[in-house]
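Both complexes shown next keep chain A, but they swap its partner, so chain B is in the first and chain C is in the second.
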Partner chain A sequence: MTRRSLVLASTPFVLALAFFANISLGPGSISPAGAIGALFHMEADSYEGAVVLYQRLPRALIAIYVGATMAVSGAVLQGLVRNPLASPSTLGMNAGATVFVVAGAYLFDFGMTAQGMAALVGALFGFFACVAIARLAGGSADPRGLALILSGALVSILFIGIANAFLLSDPARRMDFLGWVTGNINHVYGDRLYAFWWIGAAALVLLAALSRSLTLILLGHEKAASAGVRVDLVSNLAIGATVLASGSAVAICGPIGFVGLVVPHILRPLVGSNLSALLPACMVTGASVCLFADLCARAAFHPYVLHTGVLMDLLGGLVFIVIVRRFYLSGSARGLA
Partner chain B sequence: MLKVSNITAGYGRLVVLHALSANFARGRVTAFVGPNGCGKSTLLKAIMGFMPISGGEILLEGQPIRLIGRKALARRIAYLPQECQCPDYMTLGELIELAGYSRYSLVGGPSARDRQLFAEILDLVGLADKAGCQVNSLSGGQRQRAWIAMVLAQEADVILMDEPVNHLDMKYQYAVLGLVRELSARHGKTVIVVLHDLNLASAFADDVVMLRDGKVVAAGPAQETMTAANVERAFDFEADIFSRDGRVVCLPRMSHAEAVAA
Partner chain C sequence: MRRERATDGKAVFRFSTGLEIPAGNLLAAAGLVVAAILLAALSTGLGRTDTGVSDLVRLFLGTELSDEQAYALWTVRLPRIVMGFMAGWCVAVAGALLQSIARNPLADPGLFGLSQGAMTMIMLLAVIAPGAPREFIAFAAMGGGLAVALLLIWLVGGERSSGLSILLMGIAIQTVLSSVDTLLLLYTPPETSYALSDWIAGSLFGASWPGIGSFAVVFVASLIGIFFAGRALQAYDLGSEMAMALGEPVGRSRPVLLVFAVMLAASAVTAVGPLTFLGVLAPHLAGFISPAVGRPRLLLSGLMGGILVVAADALARGLLGNLPLPIGLSLTLIGVPLFIVTLSVSSRRR
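This part shows the complex of A and B:
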């Protein structure tokens, strides 16, 4: 057994560990054993059972959904736009989804389902806005490198600013969105997960089916096409799938960055850049990272509960610097910029 | 096998190929030579359908190539671009496995026969023990042979190569082109190769086509096309042509080289 397959085989165990840790650890009088017992019992006939089933389990499932969809989207986007800094949060998708949800709720009183659709449209709009600005600024039809990431940052600042302006305009409703807008893995969004989970699942299945074609695209468009890949079709389908995945994740619990950017970078040296192996690894490990982060956000600052999205942004900022240093400021990798 | 008739192609307003025609017979190696920007690479891209053709037709065994789908084309024509990039952490074994893409089903992978073929090809290019190595950790010569292995693993009858021996030292230039030539002779592969070096072209190609400004200056067996007059017409450059053991060798005139340098 090679080291790579060993790592790949161990990721589900890490996920299981993260899941049970997330479920069983936490403030209050519930013992880890009791929490896990309640999980298997599956009936809310006690205080423990109610807390585990109606609070911790939805939270954990949301963390799994967000981590899996964001990490897979990040890995796919980094390959497609050939940029190590690409992810749903750096290419404007998360911010686009956020502003569309907030605008929809404030201007048109969108309900949950309509907000979900708004998030998907917003994620697509955010990505197009990012590419359009990069094209304008870079004067190139196929923008890559820092221009794309900078315009993603610009788009995100603009959209989040607009979203904040909406929030400030109506103090009475601000509380509904204040947590959500910073990325909040919270059991109150369980019904959103229940409504939207299939969107991300469908996107992940599509990306899994495309994984070999996407790996060939990593070798360059002409090489991929000459091997038999319909590059434009596959690229468009894959971007569509990442929009669905990240948009639906934002619809559930707001924009959560970091996972999509970093998890692929952690895994590539361990399982390789072949997406047939990298995508499953990202899916499982992204979920684990989100479960652990959620646990940290809840437990580390006890009795305060930090929003997972805020914690992730703090960590993500640090890792962003490392990646910029490694890929853009080191002499050997200048070609990427 | 492959027939290019009267094709005109270019980038936007810039017309690179002017009504160019060429015929490639099965089992022959054809080398395209010519100065920078003469349209050698553009011709390969046009055959692969990577750029629109504004006139003329490309036929693969009588069938217009534009009507052949990507996967079906990949089973018949393999292409090695001038610059290849491999993502970090990808192993040689993974790279060569991707070559069989057009033969795999959506969920299936390489068959036992495919795996045996990949092992044979790696052996052929002298990289049998490197399958587990990362492509980007190989030396320049090994990496180029890896890409050539990938092209061979596609199992196409027609192979297009855009300057496959750039960045290689003399030994590997001869080894790689010798391998290509042997494959063509033994398995009847039709090879079209873009080269910079006239002497490599004359040593390894059955036919040499000299291009200038998107037009054919001369085409045919190396002994016939590689004349001092043709070289000067194609390259604007004076050279002496020698023949030795049936091989033609082109030697640029130093006086002319000095004049260009000055």
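This part shows the complex of A and C:
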């Protein structure tokens, strides 16, 4: 059994472990065994059952959704824009979706469905803004994609600033969005998950169908074209799918950054760059990472409950530093520049 | 004082002591001072209470004002303007210094994470020792800023790396530190927590005359520092080798200049919170109005920085009325588009 298949086979078990840990651990007098029993029982006839079914289960499902969509989007984007730092959060998608949702809610009183659509449009807008500014800022000479990531960071700073300005303009409604804007996995967003889950599922199915062509594109556009891949069509479809996936994730629980950046980097050395294997691995591991981060945010700082987005920023920022150092500042990379 | 032509054909004023000031820079400085005064006058008239600069003049001439007007002018608006100007001045000078010693036109204390480092240190202090004296907080802030500067130098490996990667590294450090700040905010007592989260956004709401008094020390120190640093920076702008060839002790003066820049940035953070983008915008805008090197460049940058803060504050208050937009946020909203323009101009020049 090779290491790759070993890793691939073990990821579902890790996910199962993360899921049960997330469900069963937590403050309160519920025993882990009782929590798991309530999960299989599936009826809210007791206190334990109600807590597990209406609080912990939605939380865990949101974490799984966000982790899976973000990690897969990150893996695809890193391949397509040929940049190790690419991910929905570093390319402005998350921030774009955030500002569109907040603006929609404040200016036009959008309901939940309209907010979801605004998030999708916003994610697309954020990505285009990022690419346009990178063209403007980097000129044609941007061999290593530094300008792209920098413009993504700038777009994010600007959009999050605008979102914060909106929040300040109406203190009464601010409390509704304050947690959401920093990326908060919370059971109250369960109905949003119920409304939007199919968007991410469709995007993931589309990306899975495209994974073979996308892997060929990684080898080079000419090679892919000679193997019969319609490069432009596949690339556009894939980027569209990542926009849908990350936009819907933001619509549910706000911008949870850096899952999409971190997870592909953990898995690529173990699984390889073949997207047919990497994408499922990313999907499952991204979900596990989010579940563990959520558990950590809830339990590690007891009695305080932290937003999961803050914890992911901490982890992701550290990984970001390591990646910048390895890819942009190591001796070999400097020779390439 | 005589008006002459310098070797490059530009007009300069030459004093009997040997001091030389390019005429263009002097003119620009005068223009900026006038602009600052006009802006300040305009800014005193913005707000809910109906008063303005004419009332202020009458106050100085001895006429009594109503309590409400006196309060609005003397306790709210004037401290805000003065504090904003001085903080903007310090951040802009720090940015100009960093740009010269890092040889990177995009250097900025906010983007490099120095401000964030100072802030994290202050938050740490608020958690560990809530009753620490004010002076101690200022030193802690400086220590935090310096620690981030050293970390950044260690991570990017001196000056070999390209300009954009150091910026990315700074942004990464900033992300980590800001989430650490959020964590620390949990552990502060509730009443400090509210004050701190206001200050994290960068705000002038807390400006007061005692605060200005202690900040004025830094302001004066910055003037003295500019006087001594100007000549060295002129050499630095030509590159380290050239600076050494010109007799600049780079190995010794670079750390001193770095500490000076961090001190300015950290004290601005202590006073009003982080002002990102200002350190890169002000020197570029000043250079756009009147290209300068050495001392004039620092002075013009400082003036421009102060004007930008007062203008951003006035704009936020004038346009948005009662919406309490923190100065850090309004600077970000104005700063990012201008920064992108700066990036594109500097890439085209490359």
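We adopt the following convention: the second predicted complex is superposed on the first by the 329 of 337 C-alpha atoms of A that agree within 3 Å, B and C clash if a C-alpha of one lies under 4 Å from a C-alpha of the other, contacts with A are read in each partner's own complex, and residues count from 1 in each chain.
The definition used in the following text is that contacts are C-beta pairs under 8 Å (C-beta built on N, C-alpha and C of every residue); 3 or more make two chains touch, one makes a residue touch a chain.
Computed from a prediction, not measured in an experiment: that's the story for all the values here.
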| item | value |
| --- | --- |
| First (chain B), second (chain C), both or neither touched by A:Lys223 | first |
| Contacts of A:Pro269 with chain B and chain C, given as first, second, both or neither | first |
| Contacts of A:Val324 with chain B and chain C, given as first, second, both or neither | second |
| Per-residue contact with chain A, leading partner among chain C and chain B | C |
| First, second, both or neither for A:Gly161, with chain B first and chain C second | second |
| First (chain B), second (chain C), both or neither touched by A:Ala209 | first |
| First (chain B), second (chain C), both or neither touched by A:Leu314 | second |
| Chain A residues within the chain C interface of the complex | 85, 133, 136-139, 141, 146-147, 149-151, 153-154, 157-158, 161-162, 164-165, 168-169, 182, 301, 304, 306-307, 310-311, 313-314, 316-318, 320-321, 324-325, 328-329, 334, 337 |
| Interface residues, chain A side, partner chain B - complex | 2, 79, 209, 212-213, 215-216, 218-220, 222-223, 225-230, 268-269, 272-274 |
| Footprint of chain A on chain B - complex, ascending | 45, 48-50, 70-71, 73-75, 77-79, 81, 83-91, 94-95, 98-99, 101-102, 104, 106-107, 132, 154 |
| Sites on chain C touched by chain A in the complex | 155-157, 160-162, 164-165, 167-169, 171-173, 175-176, 178-180, 182-183, 186-187, 201, 276, 320, 323-326, 329, 332-333, 336-337, 339-340, 343-344, 347-348, 350 |
